[in-house]
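Okay, so subunit A shows up in both of these, paired with subunit B first and subunit C after.
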Partner chain A sequence: MSASRKERDAAAAKLSLEKEQRKLGNLMALPAQLLLVFIVAFPLLMQLYVSTTWWSPLDGVPWYMAYESWNWFANYSDLVQDSRLWGAIWRTLLIVIVCVPAQFLLGLGLATLFVDSFPGKTIFYTLLLMPMMVVPAVVGYMFFLLFQQSGPINDLIGVFAGGPAEINWLNDVNLAMVAVMIAEIWEWTPLMFLILLAGLSGVPEDQMRAARLLGANAWQRFWRIVMPRMKTVIIIALVLRTVESLKVFDTLFIMTVGGPGVATESISLYIYKRTFQDLEWSYVASIGLFVLVALSLLAGLGIWFMVRKSTKPAQVATAQQGGALALQEAK
Partner chain B sequence: MAKIEFKGLTKRFGSLTAVDHLNLTIPDKSFVALLGPSGCGKSTTMNMIAGIEEPSDGQILFDGSDIVRVPIDRRGVGYVFQNYAIFTHMSVYDNLAFGLQVRGLPKAQINAKVQQVAELMRLEDRLDWPSGTLSVNEMQKLAIGRSAIVEPSIFLLDEPLSNLDAAFREFMRTELKHIQRQLEQTMVYVTHDQIEAMSLADHIAVMNRGVLQQYGTPADIYSRPANTFVAMFIGSPSMNLIPCQITTEGETELLDVGSAGRIAITDDALRQAARAAPSRDVILGVRPEVLDLVPRAATGLGLQLEVDLLEPIGPRTVVHLRSGDTEILAVKDKRYGTQELEAVTAIPPQAACRLFDRRDGRVLGGA
Partner chain C sequence: MRPSPAQIALRYVLIILATAIVLIPILWMISLAFKPYNEWQTAATGVHWWPKNPTLGNFEYIFTGQTEGLVVSLDFTAVRPIFASLLTASLGTILAVIVGTLGAYAVSRFKVANNLPLSVLQLRLFPPLAVMIPVMIMWAYLGMIDTWWGLSLIYTIVTLPFSFWLMKTFFDEVPLEIEEAALVEGCSRFRVFWKVTLPMVKAGIASTILFVFILNWSDYLMALLLTRKDWVTIPVYMNALATAMSGQLYGMKAALGLIAAIPPVILGLSIQRYLVRGLTFGALKQ
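After this line comes the complex of A and B, so read on.
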């Protein structure tokens, strides 16, 4: 009896000690947590607060006094009717829909070429990665020069067309978008290439050989051996580039400043203009929040898709069962 | 069902010659081991059969037709990789079915075939498992089954038993022999383990530094090695190689082993070998198992040696003998006791002896 009581006492002492320790741990983590709240939560809450007022820096009222012009959700109802914003959203999505798949396909093609070794591989490899290293603003400037009416691209087209080409790329409502997309694709294909090459290199060579020896052709090897192993890498690359492309700004700003008119105006560019040209900070705050929520939903969707694809519950169950049986056998 | 022939097969990697003018015929339905130390060119040879490597020179013929230009996926060669190369993202079923699926066979046919092979490999209760969860032993069987299902005419196995635990290796050795008999295919099998090669193969090709040293049955290679390399590589402990000089006394040839004494040659074959020797410096090869140890006698029949130490290895005892610089091993029964025999005479049965040229290590007096 006394022995079991001693044990119980010891257990209780241990429990209280654990409680103590946990308390101390929490206390020590508190400064970091406060800092995190300050860095993340404070700006967000401030943005939410400002977005429900008419506040502007021109008012001469400090931001915390913004409640004086409280308007509930007037900014949000304006936002829904703002055709220029929806135009910017549409154009941004267009850039994503065109550029990300183009970057993906080009990157995948290049990565497939670079899995095997060939003479001069390292030189080509370095050259291919260059665009990614160039500062985006410089990329914009480069393509700004290339696409001038008297620029090299028109000269090149002239050579093939057999006469001087005078395409006004950056001042044409439709062509400006094409020029911008080409610059985007040029800049970010290397990143896709890099990620996909890493994924491709991770496919075991022996398995590829085994598949070949079993009679699988290149197409079958790609779909049955390479793709299943690349799925996660591909999803990561696509999500990364999609989220980045939704924020596209620098190249556009240098090449067209969103022009001609609003023909190449993206969400970021529109927000920039409303902030620094119109100084409508409260309205911009509401757009910012709206985009944040939309992007979060998109990212969440992507992650959900990824998790659902990579772990099928039934498979996990059999895997565990299999492991347990193998263990038994080993014993 | 194919005969494999190599004609002057050569593979160079830069300045390194991995396989050097290999000429060899592997008969249909035989089980052949390519045996040799690491870097002897055995794996390169196998990769050339499969088409993973392209020969620098020479021909590979399957049933008389050159296949060097035939692409890897049309050679009809089954290959079991050393690491098995299981498609770990697929189920066991899909692994087995892969070769048939890529050929576009009807589902019912695939299903029947997979069931049949799974039963042969005793994997029938594992079919819906993710293949990554199999034990190493099961992976081995899966790898063999996956290759066997497409009925290749030639089956290649790269060190198939080296990853297995000792207990399962014994089992798999007999299993492999059964499988080969059931599949009735030409099997070529790469190993560096001479015991594996001896116990499994019908024929063994011993290779060293890209050059074929000897090709023959395990018994032949064991008792009649073609050179000192094969003599050393096969058998554990390996053949005693005793440097000696040929001398003549009247009509008799003698082998002079320095301080260990001289042996008068009485066997005809050995005498012929001694007469064929281009120089007096030769090497006498004798298996430790065949040496007779008797109490010291003053005859010219054996070597006068001192017992250095005894090494009991389960059923047998290895006796280390010495005289001056000459060290000789003898393998005796475990009951062999030499407490009273500090000094012995080792008599090599001359019919089981081989004489090698000391300069190039080749056997003297023909095969």
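After this line comes the complex of A and C, so read on.
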């Protein structure tokens, strides 16, 4: 009898501890929750509201009175026909399609050079990481300087071509895009390098040695042993860079301001110009929501795809975090 | 199987080539920062990689507003933007790390606030410009445009995903048994967090602070959207730096770019160990 009372007491103590923990936990999470309500829930409703009106800060009417110029979905039907917006979307996708794989391949190539140790490894490693730590706006300015018509890039080309090069990089419709992409690749290849090298270093040495003894050549070792272990790392690296590249703004804005004309105008740049040059805030709000919904669908699709693929229990240790993320969403 | 001499040579050639590509843009800007006025325009003097007459005039000009050889003086020097960058990035960092740490501990230990990990992450998913209209309206309505607290607040929000996820991985690494032992000894739950767990993740907190500070310091867009004059940060000031009389101040911009670039590079290299973890929101640990 006393034993059961002890058990009951213990259970009660445990319950009260759990209650205390729950209370404390909710309290500790409160600041983050409040910030989220402040910056996500409320603004989204506001954006939806404003996007169904003609409101502009020039109207002299506060935003909550925007219903005076209610237009239902006129902004959204304008958006479908806005060729400049679709151009910007296309250019943003082009930057992603070119730069992310380029960063990935260059980063992977570099990472394979750094797997074994060699004299000078640390210093080269440190130097190679520098671009991604330089402030992006400064990277934009660096490449703005490099691609001047009488700048060092043309000088270098001139040295190899054997005559002075007079390429007007940033004022040429096609070359401006090339210049911008080079800057993007320069800045973010180190990130791919860093992540992929972390993944490569996780491949067990003894397995590689065993495979070598069994007569597997470098190509087979790469595809059979390295790649399966690298899968999660690669997915994470690609997803990260894709998400970030879709936002591309700083370097573009400083190098070309989207020009010449609209030749390097990305989604973010187009939105910026419509916001500050044309002050069409309600229209911009509708574009923003459209981008938000499109990206959410894309992200949802990606997560669904990853969850379906990763239901197998065998997972790399490092994958657990990434997998946990996807699983939480699935719940 | 040792690599052959040819393989070793090839590796060094490739690595040195990559390093050169990485360094050229940086060196060019550094060199420009020390070039006097008449060497900026390469058209006149030809491209030379090293300043012929190295000078600190560009730095002098952005700090004091005047320098030898430039008639036009600068009314608005870089001192205030540097101060603005330091203040807003630091405040935003402190707030983000406090809020992130508390939230991360709650999620890591108490099985509450299950929405937090993903809701916080989604802050990072979308292009900020797609959601800036309501933010700008709110900031204007609350009188926070072009103020230090307005910019610090947005920095807190923008970097919360990183501080939250990083701290969560550090808390997840602390064994539960240690906390349980302290609980048995009669510590209150909060005391356990404050006196037992927090000291154990000190190194984690320090690297989270540095990581988040780098991100805030590197921001361009938020300051561009939410400041006008008084609280512009270094990158915004840098890009606008020009005078009506002498046009683009290339050398000064380069000098300022150098000043802006140094802190994140130094801080970033000092937390190399945690870079992978930070950049992947803790999904990968080195």
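Criterion: the second predicted complex is superposed on the first by the 274 of 331 C-alpha atoms of A that agree within 3 Å, B and C clash if a C-alpha of one lies under 4 Å from a C-alpha of the other, contacts with A are read in each partner's own complex, and residues count from 1 in each chain.
Keep this in mind: a contact is a pair of C-beta atoms (placed from the backbone, for glycine too) under 8 Å apart; a residue touches a chain by one contact, two chains touch by 3 or more.
Values in this document were obtained by computation on a predicted structure and should not be read as measured data.
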Inset, instruction - Give one of first, second, both or neither to describe whether A:Pro204 is in contact with subunit B, with subunit C, with both, or with none. - result: first
Inset, instruction - Using the superposition on chain A described above, determine whether A:Glu7 touches subunit B (first), subunit C (second), both, or neither. - result: neither
Inset, instruction - Using the touch criterion from the header, give the chain among subunit B and subunit C with more contacted residues in subunit A. - result: C
Inset, instruction - Check whether A:Arg212 is in contact with subunit B, with subunit C, with both or with neither, and answer first, second, both or neither. - result: both
Inset, instruction - Would you check which partner chain A:Gln220 touches, where first means subunit B only, second means subunit C only, and both and neither mean what they say? - result: first
Inset, instruction - Have a look at where A:Leu128 lands relative to subunit B and subunit C in the superposition and call it first, second, both or neither. - result: second
Inset, instruction - For A:Ala285, select first, second, both or neither according to whether it touches subunit B, subunit C, the two together, or no partner. - result: second
Inset, instruction - Would you sort A:Glu68 into first (subunit B), second (subunit C), both or neither based on which partner it touches? - result: neither
Legend entry - Intersection of subunit A interface sets (partners subunit B, subunit C): 212, 318, 322, 329
Inset, instruction - Provide the residue numbers of subunit A that touch subunit C in the complex, in ascending order. - result: 17, 20-22, 24-29, 31-33, 35-36, 39-40, 42-44, 46-47, 50, 62-63, 109-110, 113, 116, 118, 124, 126-131, 133-139, 141-143, 145-146, 148-152, 155, 186, 190-191, 194-195, 198-199, 201, 212, 233, 236-237, 240, 243, 246-247, 249-250, 253-254, 267-268, 271-272, 275, 281, 284-285, 287-289, 291-292, 295-296, 299, 318, 321-322, 325, 328-329
Inset, instruction - Would you tell me which residues of subunit B are touching subunit A in their complex? - result: 50-52, 72-75, 77-79, 81, 83, 85-87, 89-90, 98-99, 102-103, 128-130, 132-135, 146-147, 150
Legend entry - Interfacial residue positions of subunit C with respect to subunit A in the complex: 1, 3, 8, 11, 14-15, 18-19, 21-26, 28-29, 32, 41-43, 47, 49, 98-100, 102-103, 105-107, 109-114, 116-138, 141, 156-157, 160, 164, 169, 183, 189-190, 214, 217-218, 220-221, 224, 234-235, 238-239, 250, 253-254, 257, 260-261, 264-265, 268-269, 272, 275-276, 279-280, 282-286
Legend entry - Residues of subunit A that touch subunit B when the two form their complex: 204, 206-207, 209-217, 220, 224-225, 228-229, 315, 318-319, 322-323, 326, 329-330
